[in-house]
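Two complexes follow with subunit A in common, the first pairing it with subunit B and the second with subunit C.
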Partner chain A sequence: MQQAGAKILRKASLTGWLSQLIERHEVIAPVAGHAGDILFSRVTSPQEVVANADNPLNPPKQFLLPPTDPIIAIRDIGDGYHIEPIHDHRQRVIFNIRSCDVKGIKFLTSVHVFDLVDTSYVRRAENTILISLACNVPCADGFCICTDSGPFLQDGHDLQLTDLGDRLFVESGSEKGRSLLDTADAFFQPANEEDIAQRLALEKAARGLFGERTCHFASAMRRISGRRVPEALWDEMADWCLECGACTMVCPTCYCFSIKDRRECETWVRCRISDSCQYAAFTLEASGHNPRAERKDRMKRRFFHKVSAEYYRRDEAIGCVGCGRCIRTCLGAADMPTVVAALRRGAWRE
Partner chain B sequence: MPNEFAAIFLNNEHANGGRQGMETVATTCPFCGCGCALYLQAVNGNIVGVSPSEHHPVSQGRLCARGWGAHEAPTWGERLVTPMIRRDGKLEPASWPEALTHVVDHLSALLAAGKDVGVLGSARATNEENYLAGKLARAALGTGNIDFCMRAAYDPMVAGVADVIGHFPFPASLEDIERSDLVVLIEGDLARTHPRAAFSVMKAIAGGAKLVTVGAVKTQLSRLAALHVPALPGGASEIINGLLKLMTGRGSEDEPVIAHRYEGYEALRRSLSSTPVTDSERQVAEWLASASRVVFVLAQTGASRDQVRRDAAAVATLAAVTGHLNRPGSGLLPLAGRCNSLGAIQMGVAPDRLPGGESLHDKKAQDRVQAVWKGKPFSGRGLDAEAMVKAVKGLVIVADDPTASSVDGKRLQAALSAMEFVVLLDAFATSAVAIADVVLPVASFAESEGTYTNMEGRVQRVRAAADPPNAARPGWEVLAALIAGFHCPASYRSGSDVLGEIAVVAPAYAEIAYPTRDIGWGMRTVKVPNGDGARVGAAAATRLTSDGFPYVLAIDDVVDWGRDPLIGFSPTLNRDFVARRKRFPGGVVEMALADADRLGFHEGRKLKIASAHGEVVLPVAFRTDLEPGLVLVPVEFREYAADALGSERVSAVSLEQV
Partner chain C sequence: MNRAVGIGGGALIGTDLYVPCIARILSVRDETPDTKTFALRLRDPSEQERFQFRPGQFVELSVFGHGEAPFCIASSPTRPDNLQVTVRRTGQLTDALHTLNAGGEVGLRGPYGNGFDLDAAYGRDLLFIGGGIGLPPLHSLIWNVLDERSRFGDITILYGARSPANLVYRDELKEWAERRDVRLLVTVDQADSAWDGRVGIVTTLFDRTALRPETTLAYVCGPPIMIKFVVQDLFVRGFAEEAVISTLERMMQCGVGKCNHCAIGHRYVCRDGPVFTYRQIKELVE
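Entry: the complex of A and B
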């Protein structure tokens, strides 16, 4: 029972704790963008943090996998080349990250330690503390209940906050989280029975508040892995995709990239740049051949990677955390729940 | 030691003082005319990424692939970072005062010698830059030679609609499309050219609306359409006339009222008496008659300017007589190819318009300009871009690139090289650098403060997420310095000052110029008129093909994105274009598989394509989504087909496999 050892933070103390975090870390949190928009960005004062904000469209994976990410420097040293890694040493806290995004980062980490370890990613992940805010009320487009990634977390977070009204219920989920609390002891007090009961009641209530939005992965997985999706359905679905790549850009579990070198003075900087498997040229080979030349081939690939049994066995999770961002950003109608529903039916429209 | 993200990006020629840490700045997408908002993410003054905007009225959380890649060109592009003067054939670095003086002296000398000079603005420059380009021409240089290359495909549509409604058109919005019951899309592949607009059409369809597409390509949207009416380039006119005939001859009880409202109604009806109608047209007419909200979307096409203008007027006529002109959910939307095509026209970057977009003879508009400029603007009609490039001796190019953005393409190189003095203001090293005698480096969209006006007439802010690299300066500042060099008043402290002046010259911009503009997402400039008093007319019926030339050769798009610096310099966005150029180093044409089978042609073999203009020999590729009778030239290969096209975008040809 992880609520054992839980703490309480009075909301009046939040500013003090945030100030301390900002002093010691680079703190990322949802902040106000232009005219009503909310974005994840670095905060320099506690007042910038927007409490209980809608989850920003661009997920916090951008701080672990920046869209433009210098990874090595290559220097001409006369009689050869000197190659050195570029390390991002910053100690980051992502504050008020939501449950789905914590699960997304957990998924990304499992991918980046699989087989060849990606040290650039892993270093950032190790230096990042995730302080999540549980969702007392699920968001309009979220379906995390179908992906076991919310509205409350059992694991993956360093700290999980639950809004109890005048105070925050604080659970640690890792050693990083526990030591962070240890360094800020003065702000917290132990949670009592009543606090714990309230926290559990909120989780139970939140689970009952999901609306119509559902996503039945199991039957879609059977159809995909059983190769039982009609070809004509892929054709039809591909016509409702405008190939913007947004679903992959905002997906907390997507990590496709390209490599590009950039000349800076006497140095070449090799960058990882974000890319999308939905773009026609992503798999274009030097010969001119493209194994996924048609849009439907790329869609097939995307959903095979996301919901097939083959990948589920490898990753121990489907490649979706139910955040609903693909619904909010899709320039078409090819978002996860829409496609999964079509796969189940075997038909695009009812 | 370069062991941090920040450190390595600071240690480069692009970075410079001031900006530290992370910034996320709301701005307007620099690509097509839809005008989405996006956030540019910067780290220590380097543009590294993009975030979408959930609440912007156009984007609503969405971006197309281009928008998602908008951060790439400023960071990865070959940038112009220092003023340069060509000496002994080589561009050499110079100081700003030296370069500016050099420009003023040389242009003055040309003027003193009685030689023609001209200015090219740009559909990708801000309103502020375009306005000052117009001022440079009509105040400082005293010439009407002011234009931008991409106007050729867009302005005739605007003019055609204005011919009917009697004033600058009020375009339908993307929201109108989403609220409509029927969308009529005339010759266009929205999914490729304007993905955000295509999304609106999809939303309308998903909500129960019907889509009718007219064109020679069975596009992605055609596949979603209730009806696709095939028409070769230029052939849409016949369909529009057929619809006009059906819609004007209905004998309904409101017809006398309609006839009374529109000038030329009876003449129109008479002119259509012998127009044939098809079953598809009857079907569309039935839908037009029963729909309560209809949006007509006009794509830029390859037809001649006169034809585009008359066709646009005919569509406006159709919208007017069916009662679908400018009501919520109804209207007419001419698609603008680039982010500021409409803004550039409204700023007066056109040989036949005053600053503010009004006609040269508009006395009130002249007076407004004179009051602000403290002198009469040159109000003579000048040369358009095409003529200018061939005729003037001195040319100032503001972020345009004639070989990339005009239909003549690389064939203009010779005329441009023969010019005596070319000044280039740009952020990127485009192909125009090769012909420039002076290069003046300006800020890219990512480093600029200004406004773009989207195709809906929405004036939106462009904001700087970084400082201009090295010695580059904001475009408005450089243009103001040039204007001042000719002793014309041009003292501005900021881009906002320029917008303040625009607000006086173009009253439609007055509201946006107030400081409150930063609170929301910009506003639309043009007020909704009703359709009363419209002058109606039929389309320009043309028959391109003949017995000797039975096929239509046409260019497939009007924007050569592969040669646009914002795509060409973006590693993710330029791949398709690079791949196609590699695959077809000598160009290619495409034709319908059905035609090829009938004629016994083989893919990859060469075709001799002959027209009244001349002939070309090009390899051919086959497609199953093209209308028979069509030979399509990808826009990036247009020069290879030039001898058969002449200076047009469409030509009748004969084919022979060689």
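Entry: the complex of A and C
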């Protein structure tokens, strides 16, 4: 924890601070949707922010990697084509994002700067400030304790808030966070010894609340990278996947995409569109050949990318932040903890 | 861990990863009933100047309104003014490309991929084995080699196609056949009435060729079934796994190792390939 410079925000001052953020940035926060679902959305007034909300079903990756992301506008201007890159320069704050989603964004950033730098992603990431809310109580499906991505953060956030009852404990994790606090000095006061002690006690207590909930990645990694998963097990597990792709849509670390042209008025707009390695057409070649025509091969691919030692060495993290969204979303039984448990056992059922 | 831009010896043109440059079609040549060769030049002269590549690299080519797809560069870097791609009509994008004529415009980004390692080939005997539409990537390398002919040993080209109508680069096949510093053998699976050449699959040509496995690098491109049998025969004749080189095909979108379509394990055909030795191909598993 970054105790030096830690601040306290009285909850009575929260509205004032949020108003200031909304004035200066596009603020994204968990809000109540039409059917009562909690979702990440832009807010235009502090009242829209749902305090202590359940983690939204969709991660906030859509604000860094929009499902349909215009890259260039292509116009036929008579004597030839004209191409104009489309850049998103919006200054965003993602408020009350949870620890797992901060780690998800950290993962996405690492893959987009690895090797060739994806400037369109980096531009958005640089213009986004992450203000996270630590989890005093783990959520129902979360296993962030197994992926080192919660319930409290050591890094990745710009600011981390902890709910101390009538006040919020505020610690900064980056230069961006510190300068944001500097521009809102009036709302904050320095944290005292008692505040710090309470914050540390809450983290310790939260870590103790996970109980038996575990996901043994190390042993799954050994089996996948040691090529020691029986083919029959993949066959069996694939029977519990409906190929809907929802796990990849709600996963904070999934980023596969395709590139397509869309017609908008007199212009072609080339878009980067979210895709899923779980769809059969993902690897379908023009010749008709498909190296991953079988569902089990696509499932194998997903878990190789998530938990293999090869990708772990490349990305310096496994591709899971323990948010538990795939558990809630999967209509079958192809979620991370279920598959990892089966990989570890070497058998689908005990 | 991070690799520099343009690892394949080429320099990427453009700044943003997915923004293409505009290229003009200089000419279109019919190769077979469903295959055409397009000669291209970047509209902006400074971009054309900067567009440097090595044989075996590919470009992402856009037909605006229809998206983009990867195509290997068929021409040689030793002839930079005439950038060529040879494209068979197999889907929506290639259908649209085939309707374009000289003067038409396409998008181009790249070059991408590793390309063939020419340094490793200097001083060696070279054996090129192409099947059908698999000749274009070899075509780039063959012309590069012929333009630096004195730096290589014996050059043998074996080319097979399903029928005489499926042979590409017919004029150049004639030219290679007439050259005394190249040995070219062509065969078709099924002859037609006008065909007076060899008949049989490409592997039958091995029996008409004196191979020197210890000094030769073999470059194999073609349909998977052809590669399978060619590679088996090369090993039987004493070629080492490192001396057999091929290019892999996969569904690709971004061309720069981000979109994950062409991943095999943690390797990316677009970035780590598309050129691999047979030894490397064997290690590509997930």
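Quick note on the criterion: the second predicted complex is superposed on the first by the 345 of 350 C-alpha atoms of A that agree within 3 Å, B and C clash if a C-alpha of one lies under 4 Å from a C-alpha of the other, contacts with A are read in each partner's own complex, and residues count from 1 in each chain.
What we mean here is this: a residue touches a chain if its C-beta (ideal position, glycine included) is under 8 Å from a C-beta of that chain, and two chains touch if they have at least 3 such contacts.
The model shown is predicted, which means the values in this text are computed figures rather than measured ones.
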Practice task
After aligning the two structures on subunit A, examine subunit B and subunit C and state clash or fit.
Solution key: fit
Exercise for the section: Using the touch definition from the top, say if A:74 reaches subunit B (first), subunit C (second), both or neither. Expected result: second
Problem - subunit B versus subunit C as contact partner of A:227, first or second or both or neither - result: second
Exercise for the section: Identify the partner contact of A:127: answer first if only subunit B is touched, second if only subunit C is, both if each is, neither if none is. Expected result: neither
Exercise for the section: Between the centres of subunit B and subunit C, viewed from subunit A's Cα centre, what angle do you get? Round it to the nearest 10 degrees, please. Expected result: 80
Problem - Which of subunit B and subunit C A:331 touches, first, second, both or neither - result: first
Practice task
Once the structures are superposed on A, label A:272 by its partner contacts, choosing first (subunit B), second (subunit C), both or neither.
Solution key: second
Exercise for the section: Determine, under the contact definition given at the top, whether A:284 touches first (subunit B), second (subunit C), both, or neither. Expected result: both
Practice task
Could you tell me if A:258 is touching subunit B, subunit C, both of them or neither one (first, second, both, neither)?
Solution key: both
Handout entry: Touching partner for A:118 - first (subunit B), second (subunit C), both, neither
Key = second
Practice task
Look at A:314 in the shared chain and tell me whether it touches subunit B only, subunit C only, both, or neither; answer first, second, both or neither.
Solution key: second
Exercise for the section: Working from the superposed arrangement, determine the closest approach of subunit B to subunit C, counting only CA atoms, in whole Å. Expected result: 8
Completion exercise
Residue overlap on subunit A between the subunit B interface and the subunit C interface 85, 258, 260, 275, 284
Problem - subunit B contact footprint on subunit A (complex, rising order) - result: 33-39, 41-42, 54, 56-58, 62, 66-70, 73, 84-90, 239-240, 242-246, 249-250, 258, 260, 262, 264-265, 267, 269, 273-276, 279-281, 284, 288, 328-333
Handout entry: Interfacial residue positions of subunit B with respect to subunit A in the complex
Key = 1-5, 8-9, 11-13, 21-22, 24, 26, 37, 39, 41, 43, 46, 48-56, 61-65, 67-68, 71-72, 75-76, 191, 195-196, 198-199, 202, 206, 220, 223-224, 519-521, 571-572, 575-576, 579, 582-583
Problem - Of all residues in subunit A, those that touch subunit C in their complex - result: 71-72, 74, 76, 80-81, 83, 85, 111-112, 114-120, 227, 255-261, 263, 268, 270, 272, 275, 277, 282-287, 289, 291, 300-301, 304-305, 308, 310-311, 314
Practice task
Quick one: which bits of subunit C touch subunit A in the complex? Just the residue numbers, please.
Solution key: 1-3, 5, 15-22, 43, 62, 64-69, 90-91, 94, 105, 107, 224, 249-251, 253-254, 256-261, 263-266, 271, 285-286
